[in-house]
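In what follows, chain A forms one complex with chain B and a second complex with chain C.
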Partner chain A sequence: MKRFRLIAVLVALTFAAAACGSSDTADGDAGETGGAATDGSFVYAFPFAITDLDPASAFSSENVVLQNVYESLTTFNPPGSAELLSPSLAESWTSNDDATEWTFTLREGVTFHDGTPLNAEAVRASLQRTIDLDLGAAFILLPIESMDVVDDLTITFTLGYPAPLDIVMSSNYGASIMSIDGSTQDAAWFNEGNDAGTGPYTISAFSPNEGTKLSRYDDYWGGWADGQFSEIDIQLVEDPVLAEQMIRAGDADATNNLPFDSYAALAEEESLSVVKGESMQNLFGLLNHERLSPEVREALVLSFPYDEVAENLYGGEATRAQGIIPQAVWGSSTDLDLPETDLDAAAKLLADAGTTDLSVTYSFDAGTTEQQQIGEVWKANLATIGIDLVLEPLTFDARWELAQADPANAQDIFTLFWFPTFVTPYDFMFSLFRSEEAPFFNLGYYSNPAFDDLIDEADALSGTDREAAIELFQQAGQTLIDDNSAVFMLDVPNVNVVQSNVEGYTPNPAYAGVIRFHELSRNE
Partner chain B sequence: MAAPTPTPPTSPARRLLGLGPVTPGSAVWYYRRNWLGMVAACIVGAFVIAAIFAPWLTPYAEQGRGVPDLPQRLKGPNGSHWMGTDELGRDVLARVLFGARTALLVAIGVVVLAVVVGVLVGAIAGYFGGWVDEILMRITDTFLAFPPLLLAVIVAAALGASLQNTIVAIAVSWWPWYARQIRAQVLSLRERSYVKAVQAIGVPSHKIIRQHIIPNAMAPVWVQATADLGASILTAAGLSFVGLGPRPPTPDWGVMIADGRQFVLSGQWWIAVFAGAAITILALAFNLCGDVIRDVADPKTRGDQ
Partner chain C sequence: MRYLLRRAGTSLVVILGVVTITFVVSRVVPSDPASLYAGPRARPAQVEQVRQDLKLDDPVLTQYVSYLGDLTRGDLGISFATRRPILGDLRSFLPATLELALLATALSMAIGIPLGVLASSRRGKPKDSVVRLFAVTSVSVPVFWSALILQLFFASKLGWLPLSGRTSSNVEFGEPTGFFVIDSILSGSPSNVWDVVRHLALPVTVMAAYPTGLTVRLIRGSMLEVLGEPYIEAARVGQIPERTILYQLALKNALAPALTILGLTFAYSVSSAFLVEAVFNWPGLGKYLTDAIVRVDFPVITAATLVITVIYVVVNLALDLVHAKIDPRVELS
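Let's look at the complex of A and B:
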């Protein structure tokens, strides 16, 4: 009996030792699933679970899969490109002067994975399905009042108010086009691993706990050349150490979201390239307005170690966030009036309000090193003013569910990364701070009708008068800061590690985390 | 005529504790003659001293408790940081010293809690027998049906991550072993004539259990408990490693390995290695002490070492 207990302890130790051990363990695991060296296949070690394959509702890390399976009418180009957008399923588009009527001409010869041809009716049905379901990123389609199929390859949109519909149609989420048959299916059908896209890959296997496998779609309109990958294996690897072992051992071709401290050493490896993209994503802590008094929220904002964290964590690559809009997104500003770390002022606020011995919970993604480090540094600051910051690591899905359940009993601070749905300040402000009946991503439960009106007005102007829109968005951004709606922490670059023998990878911050596998090839 | 056995001198430490001289043939005397046992005891003593005096043994006491010093992060071992610094710039040596407090607290907490519950349940079941025994032992069997580590993981996950919960989680999976051990002892003790005698003169059961049964049944439990201190440190480290231990910034060796292991690949080995070494050495020392005590307690294995 006694021996049995010792064995259990030994098992625990072996468990620990295996995790700290050499890369042999990773070899064993990945070898069976088809290593990176196999011809024509590509392994992406990806840290977040993919749970929803319905493009109408998916609004999280699913884009990593869906952007390779579905396409939308336009594509947003990487920074530095001559044009803002590239044609995708639409070949060309025009609008009237006040941006309320848009006509898109579709590409000829495109087929869905079920063999049916792309036509205007399929576009209408896809977008109508997303509008009707009203889930995920459906809000991007709010301006659309009606859609008219002019002929087989022409569709006209009439908008309720001016909007840059060409940019909307490049969205990371909510703008996918599916076959007419797909438009009649429900979420369960998609989540069985079925798909109805036009993209270069089809889903061949799907398991939320293991990952997703993609196979090339032979009749893809973009064609196929030698050296391109025909099989893609997106493996769920939640442990960053295992992901690092896999990429070092050559068992993965690409990975992202490794701890930034590891990038310097990885960059020295000849077989690997560390690719840093411009940042359209930022990290912030949403402050629970149901639980925290205005004084406590202000004290939290004043106690955050902004410069200390920016200089020392994320390998020094991150920069202090200038409000909610990341610097690479249009409409951002460096002129906003930002709070500075001031522990004395924070302590005085709490003393004046008579708040003592407060415990505040900090909900963050388990396994993300930097979010924990930020929490620990912040905790040390807060301890000096009598606030105990309780660090609560959970998987994203678990903590998101808790945060949506009951604001009054939820976390006090919800850390969140946000990258654009489509590239506009409105996305950040609408998704994270506009009043919500039931919480979705407004997880600080902020509600300010004047702010809501302001951003809606700015959004309506962004199709026609960009300058005026920017002015209103910046005003709204300042309101969020003045209201202590959140602690705006850092703009964080997007970094992928890719094997050096893989060619063609260009990071595109408009689609954070996405690798367009069709663009890649292996250079042996 | 044989020469009289000289009375051995009493050491100052024993005088301080009000204990007499160590007589040849006593358990302590046998233990002292085992050099391995003495080395292990010294190591355990060193860790206890380190835990108690941690704030005075390091100039970085605040860092040991968790205050970061970001500009100093991830520095290798050097003159001012003998074991280097961790990912938040804290002195690893200070973290290891303060981590000894956590480790010893967990080890003692687990064993005390498991012994108290186990002894109570086992003694009651063994003394009363019948349906009381049946019910208590079937409950015990239910707990024994789970692999101990798995049960600890389940309990820790259900209670949430904290130091107290770690102690409770491990103790929950361990008390049944003590319960069974003490029950077996009590079953034989209750048939002894001195127990029958006190029963006959009408002493209440709770008094008999407290004054006559438990004291005489405890010897094997103490042996077991000493050996279990090491195992509980390992189990606690395992729980911390998978994220079910105390929350940061509580200094904890298991958490240090978990946080430090990602840096090992990029060459910053010192965080995980020193924390791991501390776990290994202390657990080994406890196990050696336990082994020697077991040998000493059993006359058959007492022979000269």
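Let's look at the complex of A and C:
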């Protein structure tokens, strides 16, 4: 009995003591796990698992880490900036008249985390490794035919066809520069938590199921000022309820991807800032050209509740899409001739075509509330004109596999979110609408040779005559609308919640989800 | 010894059966591991290359034999989603869950056994009713709900305990065992130990709720049966103190039947920890397994199932041995 009593007393004491131990944080302003108030550390409650730290192959949420550890030759500026690009590891660059030869002059005095200096050979070796591995976003380097090291700080690229290599080199993925030693390593080496970048932070701990810790690189070429964060803890917090509690309690300094309807209440909190960036990601429904007649596609486009969806979903933060190019991407336009919701016109189209009692399938990501709600609102509209919209929720992988297998028996409408690998209208148009022999992401199976020629020409001009390229991209955008190739639904912004005492955060939609920790400091 | 060898043999058959079933299921369920491995937006040529590299085009029997060969060498394979060796991941995630489950089981016994004895000794009295109400509540309340409520109250509102995780962001120490209570003690820093204990408090309490209620009910029922035995009556006539009767004479015999259920409850805690782990962002086996299920990451699903099977088998065997030790009527044959 004494033993039991002793155990019970010990357990009770332990829990009581644990519970009472830190009443000094009862006001919740200095969190337990965050502890970021005074010690120079920053906690980012991040919702997506980081699974691949090899910059040559990473092509998902890893950019939140890699963009702070590695740098590329150029950086894409936030919308509204005077210039499209800023120098990063390259101080300057030039191209020939037809954008087939590009010369980059590298920044002097930059070192990799292993202490070796940045030079042209390291740039060549890094990009060659990415090209050779041919994984992830390696396709962005396809135009490169050869790389010549001119001198220690100069490298020349010869391209097989004209391309805007300056923009390519600002890519969110696939353009990272690593040390020569890093270029000889395999994926396992990177995924053990090693890194070979020049960025302001090095990776100090990594677990795909827990998160990543970064420590400042003292010799960073950009230098360090008082108040900047030395330690970064990117914690994997998949549960949005927990992430919201953490940011409210001060246990996290920033988070994103919370439910959109929570932002209004969070914005009321004095200790928090809700920062909405401009949008480079959009949501649309690709219409199956193998299964749907032109009349039915037009009826679908005319029946979509554009304004209702924009006003009521995503907490009212999203805006109606102006075609396939999101508004923050260069080349977008607000002057395109867009369809409006018109159920009478849609009904007439179907009647004239003799189409009755039609059933149309709507494939969307299971578990995404907004896509489901869009489907339900649209279904109600379609019911009034005799079309039954059948909602088909599946995991993305499953529905992608089905969509690629057999277009004639696939879904009628494939909803998809898209964001660019590097910022160009061509990314959207090429990936989603250019003719494909076997379906990959052109899951509406759209094929229009005139459109293909138009966007290829626009892409070729992107490096040399951007104004001319924009004009062609806008023509191509109008073609997609006129052909009823898809229902262009919403531009959806990336929203971050940050503690108000953190200064320096500027969202850059070209690198969605990324926080450049080196730009931040805490205002005590 | 012969008994142990025989049990080891049957255990191996059970494990092999589970491995075979999970392997077959993983190959029957429609999914494309090569696409998962190749990553998002991978082009068909990349996916095909991965398929060849991972030998996913080999006949299923060849893959199965190769998998069994790897298992005998202690190689659990690599995760298709993270491309990391699964064994390395398990070294981190398994201790996290075992630590939770062990402490929760210990806590449930420390609270449940005395309360069960108390209730049985006050049968029909107010104390019995209060304990029974407590037991029913502990068993009935869903863990995800109690987890959220405790989290909201003790972490968000009062700020007394941390919301989530195993340690604070700024606390670091070596992890030779993966059991943070032990590792923090080994680090020699009281503040590390304190930090670990504070992080354990809420998830352990939540996880202990169900087994505590179960322990109370089992011990109470078992004790009531034993307390009606003639030898207890004889002890009472002999004026042996009530406390000695309850805790030395009766409890020893009452404990044996309850022990089997409690042991299985521990194994169940390990396999069902995912709800607690999800709410408290606890990087344990449950979270590892559910993430793998969501991603259809079959090597991880198979390996985690194997580990859970082994835990069940080992716990069962240990329970039989303990049972025989404390109850002379049980023979290992």
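Note that the second predicted complex is superposed on the first by the 320 of 524 C-alpha atoms of A that agree within 3 Å, B and C clash if a C-alpha of one lies under 4 Å from a C-alpha of the other, contacts with A are read in each partner's own complex, and residues count from 1 in each chain.
To be clear about the criterion, contacts are C-beta pairs under 8 Å (C-beta built on N, C-alpha and C of every residue); 3 or more make two chains touch, one makes a residue touch a chain.
Everything quoted here is computed from the prediction, not taken from an experiment.
By the touch criterion defined above, A:Q128 reaches neither chain B nor chain C. Here chain B and chain C are compared by how many residues of chain A each touches, and C touches more. Look at A:V241: by the touch rule set out above, it reaches both chain B and chain C. By the document's definition of touching, of the two partners only chain B reaches A:G375; chain C does not. By the touch criterion defined above, A:T156 reaches neither chain B nor chain C. Of the two partner chains placed by the overlay, neither chain B nor chain C lies in contact with A:T341. After overlaying the two complexes on the shared chain, residue contacts for A:A264 are found with chain B alone; chain C is out of touch. Shared-chain residue A:E308: touches chain B; no touch with chain C.
Legend: residue contacts after superposition of the two complexes on their common chain; A:A49 is shown touching chain C, with no touch to chain B. With the contact threshold set out at the top, residues 1, 4-5, 8, 11, 15, 19-20, 241, 245, 248 of chain A are in contact with chain B in one structure and with chain C in the other.
Residue ranges of chain B in contact with chain A, taken from their complex: 66-68, 70-71, 73-74, 87-89, 147-149, 174, 177, 180, 224, 231, 234-235, 237-238, 241-243, 247-249, 254, 257, 259, 261-268, 272, 276. Within the complex formed with chain C, the residues of chain A that make contact are 1, 4-5, 7-8, 11, 14-15, 18-23, 25-28, 31-36, 39, 41, 43, 49, 51-52, 57, 59-60, 134-137, 139, 187-188, 191, 207-210, 231, 233, 235-239, 241-242, 245-246, 248-249, 251, 395, 397-398, 400-401, 438, 440-441. Within the complex, the chain A residues that touch chain B are 1-2, 4-6, 8-9, 11-13, 15-16, 19-20, 240-241, 244-245, 248, 259, 261-262, 264-266, 308-309, 311-313, 366, 369, 372-373, 375-377, 379-380, 383, 390-393.
Those residues of chain C that touch chain A in the shared complex are 30-32, 35-36, 38-46, 79, 81-84, 89, 92-93, 106-107, 110-111, 113-114, 148, 151-152, 154-156, 158-165, 168-170, 194, 197-198, 200-201, 205, 243, 246-247, 278-281, 283, 287-288, 291, 296.
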